[in-house]
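One structure coming up, written as structure tokens, with questions to follow.
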Amino acid sequence: MEILVASAIGILTAAGIYLVLRLRTFPVILGISLLTYAVNVFLFASGRLAVGAPPILRDGVEVYADPLPQALVLTAIVISFGMTAVVVMIGLGAFLGSDTDRVDDPAEDAS
Amino acid sequence: MSLATDILNWVLIATFIVVAFSQIMAMLRLVKGPTVGDRILALDTMVVNALGIIVLLGMWYGIGIYFEVTLLVAMLGFVSTVAYAKFVLRGDVIE
Amino acid sequence: MKSAVRWLMPHPFLTLILAVVWTLLQNDISAGMVVFGLILGILIPWGTAAWWPDQPQDFRLGKMVSYATIVLWDILVANVQVAWIVLTRSNESLRPAWVVIPLDLREPEAITILAGTITLTPGTVSADLSSEGHSLLVHALDCPDPDAVRDEIKDRYERRLKEIFL
Amino acid sequence: MSHWIILPIVLPAMLAPFIVLAARYHIGIQRVFSVAGILAQIALAIGLAWQAADGTVTLYQLGDWAAPFGIVVVADRLSTVMILLTSVLALFVLLYAIGSRWDERGRHFHALYQFQIMGIMGAFLTGDLFNLFVFFEVLLIASYGLMIHSGGNERLRAGVQYVLFNLIGSTLFLFALGSIYAETGTLNMADLANRVDLIGEEATVGIRVASVLLIMVFAIKAALVPLHFWLPSSYAEAPAPVAALFAIMTKVGAYAIIRVYTMVFPPELEATAGLHGLWLLPAALVSLALGAIGVLAAKKLDRLVAFSVISSMGMVMVSIAMFTQASITAALYYIVHSTFAAAALFLITDLARAGRRDLALTPQPVIAGATRTAGLFFIAAIAMTGLPPLSGFVGKLLILDAGFATDMATWIWAVILISSLVSVVGFARAGSVVFWKAQSIDPIDVEEGVDMTPPSALAYTAVGGLVAMLVAHTVLAGHTSGYADKIAAQLFAPDAYMSVVLDTPGKLSDGSYEDGEEY
Amino acid sequence: MSLFLIVALPFLGALLPGLMNSAGRAACAGVTFVVTLAAFVGLMTNLPAVAAGEVVSVGVDWIPIVGLNFNLMLDGLGFFFATLILGIGLLIITYARHYLAREDHMGEFFTYLLLFQGAMVGIVLSDNILLLLIFWELTSLSSFLLIGYWKHLPEGRQGARMALTVTGMGGLALIGGMLILGNIAGSYDLSVILQSKDVIQDSPLYLPALILILLGCFTKSAQFPFHFWLPHAMAAPTPVSAYLHSATMVKAGIFLMARLWPVLSGTPEWFVIVTTAGLITMCLGAVIALFKHDLKALLAFSTVSHLGLITMLLGTGTKFGAWAAVFHIFNHATFKAALFMSAGIVDHEAKTRDIRLLGGLRVLMPITFVIATLAALSMAGIPFLNGFLSKEMMLEEANHTTLFGMPWLVPVLATFGSLFSAAYCFRLIGHTFLGPVRESYPAKPHDPGFGLWGPPAILVVLVVAVGVAPFLATPMVQLVASAVVGEAGAFDDKYIKIWHGLVPALYMSIIAVVGGLVVLAMFKPLLRAWDAAPRPEAKTIFEALISGVVALAQGISHTLHNGAFSRYAAIAMITFIAVGYHAWQTGTVGEASRVIQEAGPVAIAGWLLLVAATIGLVLMHRRRLLALVLIGIVGLMVSVGFVYFSAPDLAMTQFTVEVVTIILLLLALNFLPKQTPVESSLSRRLRDGGVAILGGVATLILSYHYLIRDAVTGPISEFHLANSYKGGGGTNVVNVILVDFRGFDTFGEIIVLGIAALLIYALTETLLNGPVRARLLNRRPDQARAGDVHPMMMVVLTRVIMPVVLMVGFYIFLRGHNEPGGGFIAGLIVSIAVVMQYMASGFNWASDRVRFPYHGVIGAGVLVAGLTGIGSWFVGKPFLTSDFTYVRIPPFQEFELATAALFDVGVFLAVVGAVMLSLESFSRLARRAHDKDSDHPMDIDPSREDDAQAVKGA
Amino acid sequence: MMWELIGIYVAIISLIIGAIFTMVGAIGMLKLDNPMSRLHAPTKVGTVGIGALLLASMIHSWVTADGSFNELLIMAFLFVTAPISANFIAKVYLHTNEDKTLPKPPRDDTWSTLNVPAADRDLIED
């Protein structure tokens, strides 16, 4: 099981990095989203894996999944949602102003 | 009773496998397309199947608390299907 | 008095549905929960009334129940049929076809229920309305005779719906 | 229960939504509340700094939960000085934003400003690593809003890169936090410091990787080469007051490194031995050099200033990377200096924009008041490049002196001194073109659409205030550097801090709650 | 007068002329003069003490931790220099008052001049070498301002920059040298350092310190090879040249060599470096000076030459050398300042300084002629003028000096230098003042008023007085030289006299003077040879060097910072991986401590789907809609994974966030291109792929590493599990952590969301009020849009479903503390319910019926959460302390009332407000692009016809 | 005991039905060659398939624990939304494909999806 999760993190990360290195805003944002998934799962996994043991207290149940990483990931998901919305909006604003959604700045050399 | 429970467990596992297999087939359709409609359809199906998997997990672990998740998946899957479709139809999802 | 009730409960049927939903959600039929569900059932429609501006359509609840029973039965049968088609028939032997259903119904709610029914039942999917809403476009999975399908739909469902929605 | 410590965070957090709610359409009211809020911040910061001055470490347990189970904020010498620095900077920058009417050129400037302050304050005060992440995000997202304030194509394009780069940084932060929690099972810094001691030498990779991931997160903030690429365009394109406020943001990274790598992963910790020696100091030296090269190479005044920020952060990082008490002292002194110097330069750059088509380093007509601007630029440039008599020089002396005893002394000295020279040449070239050569241009050649209104008195006052801070930091250098030394002393004896954080009882630990049902 | 005040007066006084510019030229000059005079008089009050051999010192701690203290001392050397600085300063101020033109900004000039003066006085009075450094650099800065005073002149700006660059470089070297010196001696106080000769000279760091300090001195005093900046600084107004380049700034380097002479000199290193540099400078400067046609340039190179002479004398390391050096410093200051001022007068009157255009001025400007001639002859080393005396001493010293084992080398070169020195002096007199009067001067010259010729005249009086009566200077030289060598009264004061007998120095002097005349006689052919000879032009070299450095800097900086985010990101990723790898590879890997769990078929299928969707996304990312569908699948599978691994709250959050994100992305994609073009080369993609795979492998290994091991000790969440119910009143531990244990994180989190929404709103406003607006209005869809915008079936369904979804949201909210759910998820659900309505009936129709402004909802949310936290203050508890109780109101069951729930209400409101404000903002962009909006919730509604007919019928 | 046993067997049967129908939906979606035909399979069969699984879950919960009606709610939700989803996907099909076999509506001009706004008519690709 562990290797499945670890490799999923690895594959999400690799895909995320590849897309982040693209030249247009849209795929880069998708790449960031994939990286976000990867890191959320990674952070989640820092509490180790537990199947069928949600941290909802029940009488007579002793074993629970680690709730803390779950809370942290929840916070991280929310924050990255806000960030994604913002970067989409700024990217859109840049596109509407200049008619290109390239990430790289062509005018830099001139400045 | 224990026989019945055993059978139930076996059937549960078999159902898991079937639903998982259905997911993979839906995924194939999603990748294959060829029309946008097919892809949205495949996504819709996968959401519903995922819901099935969660229901099965709830049965397997005997924990009722996955209900909220299931309910949410049912609601939101619909919304996202409509959103994708509206995008293809109109470009603007909210207009 | 009636207008006060209308003001309080713009959509009584919705209130009922919400109360039922609340009970199903709570998984518990205690007095407190039902009362709470009713309170929500009144508050929520009241809060969302602006988005349902039309006066609600009167309908016959009894006929609605019998309609629902028929549809449920049709769904069960239809699904077995469709399953059979999917599993046994080859693509070549299928005869998909478009069926046009001229509508006598006028009310959006009624038309929606009809369209939904068609989608949930045997080998048919409602695909579109005509541009003024006078016809319904239906796709049939295996349909040697579109006219027959049309007549059956009109007879089996639309007629009943017309009786439900006066 | 004293709630003063939490106020620097809660006050702007409440003020900002209040501004959004109540004063959304009235810029005047927004300004009044915003300035009042910052003044209150200064008062709070002075009080807290006073309280911490004798070495007292004050703890505040959010939700009454004892560390490490709940989140704590901690006020010691370092954190209180940082919030004082932030609030003083914030006041002058805010006055400038009002005086230059930048705040009117888009929506929600003041709310975002307050949120930005909140994020920075939180980052300085928190004692919990994940909470630090949250405050990083607060300050970042507010900075995104401020950075693109008033829009414009170049600004938005730079904004996209700025946000994307920081998103990568945030992702890395979470990887680091995940690693730390996986390895140690805690998030509280003091608790973490205890737990890393438990790690045996037979299994160190986990904590080593966690440690470097974390320092790289902070290095991004601190614009350490090669993680600095986000800085030049975003600082150059940001509205001037925003860029000026950002002067403190790079310091958040420096602060975090100082905090974490003196307490949690101190140089003498065996598990993480030899991790940073290889690259941290060289990277800092390269930052210093590359920043200076950028200053010399810049073709626009705002980019020049942005590169000087990289260079000054290089100085800070060189000093931090030595990790001795003397070097941290020097770093702290320099942090205060470079914050004011960079902020002043960004604002002066904006003053220089008046009457100009752009900030390209070409002679363009100058308008009334340009002599004043030129004078301010000269002073700020002296400060930034570390020429006497201003605090930049004092800071440089402190750093050079601290570097004397290290193995890398030759490198440190050579790079610092040569970079200074390169910066001086760069600033002299730029200043002489923008302020001197411009005088050979006939003002009749002014192009259409160029705003000829001279900056307002309030704008000059704000800049003057920042310059006055630099002067004060120089004249009182004996006191400020002496206090920096005390801060460093406290940092290098973290046991007191740790015991305050970890030994203070909270809810449930003092028996105030009855035993409930068992679960 | 206190030394503090002497140093402070010029600085404080500097404010005055700048502020009183409008009071007029005379007032500016007057106040400057008074300030300088005050300082001068103050200095003189210390004369008795200094003359008595005392060292006056004062001090105050400034920056003790680095040893930088404001310590001043006044001994003979300092007194001598301070007198020169202030005394000549007084003359220069008088001269400048008359020299500067009406349009020159007088106040600014005198401000800079006083700053400079203060800095110079500071240098010579500093008892702390770090303090000295500060004043040292201040002279560079203030001279930068003075040289660039005429900002409109390109030569002024270039000269200023060159001076700043060269002296700045030296200053930085000096910083290094001084710090080393201080560290060797254990103190930065001169009084300590001057006692530490042996420690310093035995230190292995002596040589680096020496080289760095000499770099500082040589650049400042224009010694070869740093001599080239000085002539270009002549672009400054002449009073500046006269002040800086005769008496003051260029002497700072000399001063410092003299100041540190006791501890640095006497070693072979010192001797070789300093003497050689001095000799070369002396000869080179003299030769170049001869061929300069600009009077000021000639004087500038003569200054270079004489500074070389003094340097050479200090380099010999003998007491006699030091003595001669001191004497020549004084003499040079007097005649050179007089010469500069004379040159200024010529320039001022004749409007040219080109010697070739001059000649015959003897008749037109007799006073100036006398002054200049006396000063020039003194410089040439003619007896009965002070220059002769010190030059004799120099030649004498040269005779005793053996460099590189060649005893003849120094005397020959010294004579050579003197010869050319005499030559250019004669040329100056001959070609400027003698000869026939011309008709062609740019302006008709005549002697100026006393204001201009008075100051040089006073100096020439000194020149002659000392030249005729050398004993007048003896006490001064005695005093100063003692201070330099650090021993009182060690000199044979009889040496300062005109006639020493027929010593070799006399012959050398005669050779020099006669040779000078011969050279001048051969000037024309020599000039032709000079002009024909290829020689490096220092300015060209310097400028080429600087522009080369700038080009290199631009090459580096612009190549690195080329604006390519993709490369920035790649560099960052590679850095993360490399540094992480280094950390890993230098550490030790412990044993795995956890049992690896079996993976069932469902897990494997889920993994397959996730991987397939991810890889599919990478392969097909160019088709953007498809990419969005695929990322939806990735999100779905991650959510299912969270369910599988016991995290229902996470699954719900992930799933709802996913839907909202996709709607946002779809809203944005509406405007963006629907395809991503192929732009990067195959090799580039391979490179990116390589980086990606490295990163993937790194995270795989790292996460697997942690997954199969336990933390070093039990995680803190054990406490949360144990106390969630007892202390937080909830059984959903995740929720209790979010709203209670770590409620502060959540507080920050909702603020992030709120800011995101405000930002999006603000940017939308900005876009809609800017040039983008017209673009949006004229925008055309990139494909035909389908009819039926608001389909009937959707509208009808929404009417029923939306209330149900709202109720579900309410339910999820209420249960959140004990079961999966909570304010955040509920907020998202409610938002999605409203979005459904938006999608069904359109933005306008739906939002017209929304009762709350979303801004307000966000603000209220944050305020509610914050006020809940603040509420605990009133019971004396910290921010966000929760409390809960169980109540029972019939007919309801017992339920829990927790303050955490109120906090959760804040979370809920903030989330609803933020999500809705963001969506609304996105939609507004599109709304502007559209033509009209419907009054009806649905487009097609046959029942409307009935109504219409009914209306018609009625 | 008896009821529990019956309950378990009913749950088993429901599971089997659910599995079969889920499978059929997936097969149909893969196998059928016409996009409109493919729409039939999952929207209906899939719904019933998952419906059966939900039923099994509900019965199971009554047998093994306190029992719940929650599943009914989810089932209702799926049944109500499935036709709308199908309708939208059909509209997507009509909009993105030109179907020659499509009949004209008898009383109105065209089908609502094909009723492209006048401004966009020139964008229709042939």
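Should a chain be cited, it is by its letter among A, B, C, D, E and F, assigned in written order, with residues numbered from 1 in that chain.
We take it that a residue touches a chain if its C-beta (ideal position, glycine included) is under 8 Å from a C-beta of that chain, and two chains touch if they have at least 3 such contacts.
Because the structure is predicted, anything quoted here is derived from the model rather than measured.
Remark: the per-chain Cα centre closest to the mean position of all protein Cα atoms belongs to D. Using the mean of the Cα atoms as each chain's centre, the chain most removed from subunit D is C. Looking at E-F alongside A-E, one finds more C-beta pairs in contact between the chains of A-E. With every chain reduced to the mean of its CA atoms, the largest distance from subunit B is reached by E. Centres computed as Cα averages put subunit D at a distance of 56 Å from subunit F. Separating the CA-averaged centres of subunit B and subunit F is a span of 11 Å. Measuring from the averaged C-alpha position of subunit C to that of subunit D gives a distance of 61 Å. Per-chain CA centroids place subunit D at a distance of 16 Å from subunit E. Shared interface positions of subunit A, i.e. residues touching 2 or more other chains, are given as 20, 25, 28-29, 38, 40, 42, 45-48, 51-52, 54, 56-58, 68-69, 72, 75, 79, 82-83, 86, 90-91, 93, 97, 103, 105, 107-108.
Across the assembly, subunit F contributes 20, 27, 39, 43, 47, 66, 68, 70, 73, 77, 80-81, 83-84, 87-88, 90-91, 93-95, 110, 112-115 as residues in contact with two or more other chains.
In subunit D, 130, 134, 137, 141, 144-145, 148, 151-152, 160-161, 164, 168, 175, 178-179, 181-182, 187, 233, 299, 519 are the positions where the chain touches two or more neighbouring chains simultaneously. Put simply, subunit E touches subunit A in their complex at residues 558, 561-567, 569-570, 573, 594, 596-599, 603-604, 607, 610-611, 614-615, 617-618, 621-622, 624, 627-628, 631, 634-635, 638, 641-642, 644-650, 653-654, 657, 660-661, 664-665, 668-669, 671-673, 676-677, 679-680, 688-689, 691-693, 695-704, 706-708, 710, 715-717, 720-721, 724-725, 731-734, 737-738, 742, 745-746, 749, 752-753, 755-757, 759-760, 763-764, 766-767, 770-772, 775-776, 818-820, 824, 911, 914, 918, 921-922, 925. Within the complex formed with subunit A, the residues of subunit B that make contact are 57, 60-61, 63, 65.
The part of subunit F that touches subunit E in the complex is made up of residues 77, 80-81, 83-84, 87-88, 91, 94-95, 110, 112-117, 119-121, 123-125. Interface residues of subunit E, counted against subunit F in their complex, comprise 780-788, 791, 793-794, 797, 800-801, 804, 931, 939-940.
Residues 1-30, 33-34, 37-38, 40-42, 44-58, 64-75, 77-79, 81-86, 88-93, 95-97, 101, 103-109 of subunit A touch subunit E in their complex.
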